[in-house]
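Okay, so chain A shows up in both of these, paired with chain B first and chain C after.
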Partner chain A sequence: MSAQSLDQRDRPTGYLPEGADINRNIAVRRLRGAIWHAIFVSSLIIGLLALATLIYTIVNDTFGYIAVQTKVDPEELTGGRPLEELSKEELIEILRANVSAGLFRRFDRDEPFSERSRESVLQLVEERVVGREVVAVYKLTESLLERERIEATVRERFPRAKLEFHSWLNRDFLTRPMSSVPILAGVGNAILGSLWVIAITMLLAIPIGILGGVYLEEYASDTWYYRLIETNINNLAGVPSIIYGILGLAVFVRAFESFTSGAMFGVTDSNGRTILSAGLTMALLVLPLMIINAREAIRAVPQSIRQASYGLGATKWQTVWHHVLPNALPGILTGTILSVSRAMGETAPLIVIGASTFIVFFPDSVFDKFTVIPIQIYNWTSQPGAQFRSIAAAAIIVLLVTLLALNATAILLRNRLRRSY
Partner chain B sequence: MEQEARVAVERSTPLSISPINLRGKPRFGENVIEIIVFVCGAISIFTTTAIVIVLFQEAWLFFGSPEVDLAEFFGTTTWQPETGRFGIWPLMTSTLITSIIALIVAVPLGLGAAIYLSEYASPQARGYLKPILEVLAGVPTVVYGYFALTFVTPVILQGLLGKENVEIYNMLSAGLTMGIMILPLVASMSEDALSAVPRALREGAYGLGATRLETSLRIVVPAAMSGILAAVIVAMSRAVGETMIVALAAGAGPRFTFNPLQAAETMTGHIARISGGDISYASIQYTSIFAIALVLFFMTLLLNLLSGWVASRFREVYE
Partner chain C sequence: MATTEFSSINTLQSNGKYAVEVHNAYIYYGTFRAVNNVSLKIERQRITAFIGPSGCGKSTVLRAINRMNDLIPGSRFEGKILFHGKNIYDPDVDPVEVRRRIGMVFQKPNPFPKSIYENIMFGPRINGWRGTKQQADELVERALRGAAIWDEVKDKLHQPGTALSGGQQQRLCIARALAVQPEVILMDEPCSSLDPISTLKIEELMFELRQNYTIVIVTHNMQQAARVSDYTAFFLMNESRAGELIEYGPTTQIFQNPQDERTENYISGRFG
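Right after this comes the complex of A and B.
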């Protein structure tokens, strides 16, 4: 024992344990390590658990027993044939015979029967004559675990009702338009609306985003306006999406109304709250994202490729077009898909712009009113009642599956097209 | 004079011998492309300018109207457009309360997950855990709104605290769900910061006999502090600007309250509700949402700039 180590022992901070103390010290530190390890793992597990619970809640609401009651037995109306097999004319006759003359005329005024499709007439018959009405909705877990109890309750409370297992997500749900009756409602026109909006968004955002990235990486020199644009793009990516909605409302819906409503092109029955306004707004929203992703992809292309191209006498644009962009393509594609999925799930700006929560027609031009899947989810979630919750859950599955497919494509593309230098 | 001219001619002779001139040929197409490319880059400036002009213009109309003045806007605590009372504090407090609840959930959990992923997990485990977290980040916020309203409020909050104590729309449920929403953001940004800390630092700590925990908490986390702080600030900005969760779950009606179990509308929720209905462009309600949006815009801008500043100012540079 030298004098120095004795000195150390006297100093409170530099104390080195000896003998049995060493083991105790190590044991305490190991225990503390194990406890914190558990804490770190559990915080990750809580995150994963949240995801699992989210999926469970959605699935739980989408499937399950429903008790259905009809005003009239459809077999009686048709003499034993199922309603689905009847022709349009027969359906119109059933409708004429069973609703009041005034109501029948009103349907004809809304959209003449001669122009209606068979499906639309069938929907009217189901809604107005058969009057299929859902009187009770059960979740998936109850339906699987407590079947007897549900059967007993339904027999007691709704003696005329039939209990059936129903998937709220089905083919009719995917193709039908909106309806105020949940079981007849669908996301058909919302899917179409989403596709229209995405198409316009991407038509604008892809070329502008890529060229903007090319400017920042290939053309710009370090000047004040380059730095301004760069900072600006990074800050724009952090602006809340609802602000873009406000921008779209003031600029596209109001200021450019004659353009976005189509009045300039001879469309008369519309205001500025159209697919075109939504697409333009969404394009501004995803543009910073597109540019940032394109920049990263372009930056990853090695300098030697550019130098080789210049060395052979190519001009700047020839170098960019024939060498830089093809090499950056995988990254740009991934960024594009991520932007698409961002635009697909975005709701707030479209609410501000004035997406319609209730339209029954299918949009067929960019100057039409529109609705998109997230807007329907928002609308249905905010309605009271278990049936609306169930169709909201079904619409969420449609949205999430689409987004998952997009993201999986992005990952696949990234892995398949990646080159290493 | 003559002599000078001859000298000039002699000097220029070698150049004129050269058969091709490689310099200075104007390329019209290249210049056009350069302009197009510049315009595409500069469109972002248009977006920002348009945002600022639109917000200021309508907010100017709002503050210019006889019913409102700045002192009332920032100094009173009632927001009732119907009776002409415009004090932004009820909207502001609920925005802050939901955001702070979200941060209380997201920061410890996100940081814990980030430390686990970066310091403890094996490369394989990280390989499949990170994409799952990214899925969580890719879920649209309206889906979280549905989750808050149909699961967090009725099952968790009303289940734990009793149905009579928790309103159907409440700030706690919106805040908790928002915390889950921004958790992946905090986790992934912090994980990037932690992974960027050089290996040599960790090896130095292990060499001195530190445990894995001591290395993580005393060496790696302090070294990555700037990145972690930046992540927290970005998360705050995201929470303040988030709309769909609060629009669905926090309540539809401004209320000045600090009780998170009560319903109170946030700034974003109010904008969404007012603009979702059919309002006339001339009404004061229409201009009022621009005034709120202006406040929101500057709050998030400030937070984003602060985040960038923290990240660069306090960065520890190695090597």
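Right after this comes the complex of A and C.
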């Protein structure tokens, strides 16, 4: 050790390890690397654990035993035949025989029985006569591991109830509208609402985003006002989404109410809290992302391609149209789909502009009230009771699968369209 | 007298012996003067080489000849470049027309990420070409033959141009430039990214092209300049780092009997 420090003092250029010192030095460097490696791996593991917990919680709530109890045994009503096999007329008769005359007339007034579908009548019978009622809900893990205990509890507490394994995520859940009875509720109209809102958002955001990106990247010169615009766009991308909701409320819901409610086009039964307002607000929200992303994609097109085009006597527009845009397209598409996923998952701005949390009809025009999947999830998670928790979990799966599908499409498209230079 | 319409560049008007004349060119990037008072005349159907150390402004002058510098924000040109007696920097001249008549081949081969066929046809199409499929095929074949690459690619015309080797890509780029029938072809270090065999092919090609085209080539490789060019221009930067033309004349004279001491030093490899 002293010999080494002596060396250091003696040599004007310092001391570089020699002999055995080389190996010692390398060992120290390797150890340092190994420590960092372990830190990287553990952060990845933490991430995976978080993801696994999320999936576990959701799946745990979505599937499991439920104890179902009916007011009347359906077989008593029909004399042994299952309800599903009855004709519409037979179902109407059962309904007439088992509900009060006033209620029956009200059903007829709401929608005449002659016009109702068989399914609609069947649903009424199930709701009003059979009165299927979920009296206990069990999670997936307990359902699998503690079956005997659950069976015993149910036998003891709900002697009339039947225990069945239920997937809260099923075809009915995907197609049915909202209902106050959890087991009859579905995300059908929320899915449709989401699709409507996304369609309007993209209709506006895609063209404006791409065209704005092309202008800023290819045409705008480097002057102070364009730099100001650029800075603003970059900052807008980071503005909390609820601010956009407030903007949408002030501008689209209130100021442009006659347009967004459709009053201008002769729609009378609506206010400004429509699909159109939501779509416009979401378009504003994703527009900065779209522009930034389009610019990135355009900037990634190599300068040499532009030069080759100009060198042959192409005009600026020809260069942009024939080379810049086609080569930027994969990137633009990827960003578009990522923007779609962002818009799909946004809740806050839609709450602010007044999305309905409870509507039972399916929207059929842009001037309708609406609900979207995240709003339904938000609504159900704030309701008391295990059943609402379960349908919220099922709705989360629907949303996650949709987003996953969108992102997978983005990756596939990018890989298909990517070119080599 | 028959009325004939001309574009702003009247191609019947000739500079005589010279294809391009550069008069007192000053080129600026922002406030930086990159080229200082360069004047030279480029002879028709000859190969003129620009040589000099890095940063001496030879590429800048080359790119000024077809107004490619216009694409660089902040660049400015002062002086005159006559082409068919017309100053291409006159306000009534569209740079697009200049570039269609004065083609360019770049340092790094830059075929479009499209098929070989589409690479060739892009230039004619954007310049308003009309014709049948057969005529297009003929045009593609001629351009590829002109660039001595036809035999290598005739069976894969519809495969991407980017799949070719570097040397083939560069000849494809030359063919692409030929397809719009320019009069002058500017080559900015066309062989600097190629291996010696590909370089040799490009040099042989330049000899062929010389019969119909005026060629200006920027090169770092002095042997190349000596081998292929008829005229050589030697550039050097002055004390304020602006490029200047030191000596210009027939290649044999520049290489064997330079008038300027700095040219001699550079040729003999004493600096640069």
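To be clear about the criterion, the second predicted complex is superposed on the first by the 373 of 421 C-alpha atoms of A that agree within 3 Å, B and C clash if a C-alpha of one lies under 4 Å from a C-alpha of the other, contacts with A are read in each partner's own complex, and residues count from 1 in each chain.
The rule is simple: contacts are C-beta pairs under 8 Å (C-beta built on N, C-alpha and C of every residue); 3 or more make two chains touch, one makes a residue touch a chain.
Note that the structure is predicted; figures quoted are calculated from it, not measured.
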item	value
Touched partner set for A:S304, first chain B, second chain C, both or neither	second
First (chain B), second (chain C), both or neither touched by A:D222	second
Contacts of A:M264 with chain B and chain C, given as first, second, both or neither	neither
Partner, of chain C and chain B, that touches more residues belonging to chain A	B
Which superposed partner A:P374 touches (first chain B, second chain C, both, neither)	first
Contacts of A:T315 with chain B and chain C, given as first, second, both or neither	both
Partner chain(s) touched by A:T53 [first = chain B, second = chain C, both, neither]	first
Which superposed partner A:H323 touches (first chain B, second chain C, both, neither)	second
First (chain B), second (chain C), both or neither touched by A:L31	neither
Intersection of the chain A residues that touch chain B with those that touch chain C	315
Touching residues (chain side chain A, partner chain B) in the complex	29-30, 32-33, 36-37, 39-44, 46-48, 50-51, 53-54, 57-58, 61, 207-209, 211-212, 214-216, 218-220, 225, 228-229, 232-236, 238-247, 249-251, 254, 284, 287-288, 291, 315-317, 341, 344-348, 351-352, 354, 357, 374, 377-378, 381-382, 389, 392-393, 396, 399-400, 403-404, 407, 411
Chain A-facing residues of chain C, complex	66, 68, 71, 73, 96-97, 99-101, 103-104, 106, 108, 110-113, 122-123, 126-127, 160, 162, 173, 176-177, 180
Interface residues, chain B side, partner chain A - complex	27, 29-30, 33-34, 36-38, 40-45, 47-48, 50-51, 54-55, 57-58, 108-113, 115-117, 120, 129, 131-133, 135-136, 138-147, 149-151, 180, 183-184, 187, 211-214, 217, 234, 237-238, 240-244, 247-248, 268, 271-272, 275-276, 281, 289-290, 293, 296-297, 300-301, 303-305, 308
Residues on chain A engaged by chain C in the complex (per definition of touch)	221-222, 302, 304-315, 318, 322-323, 327, 419-421
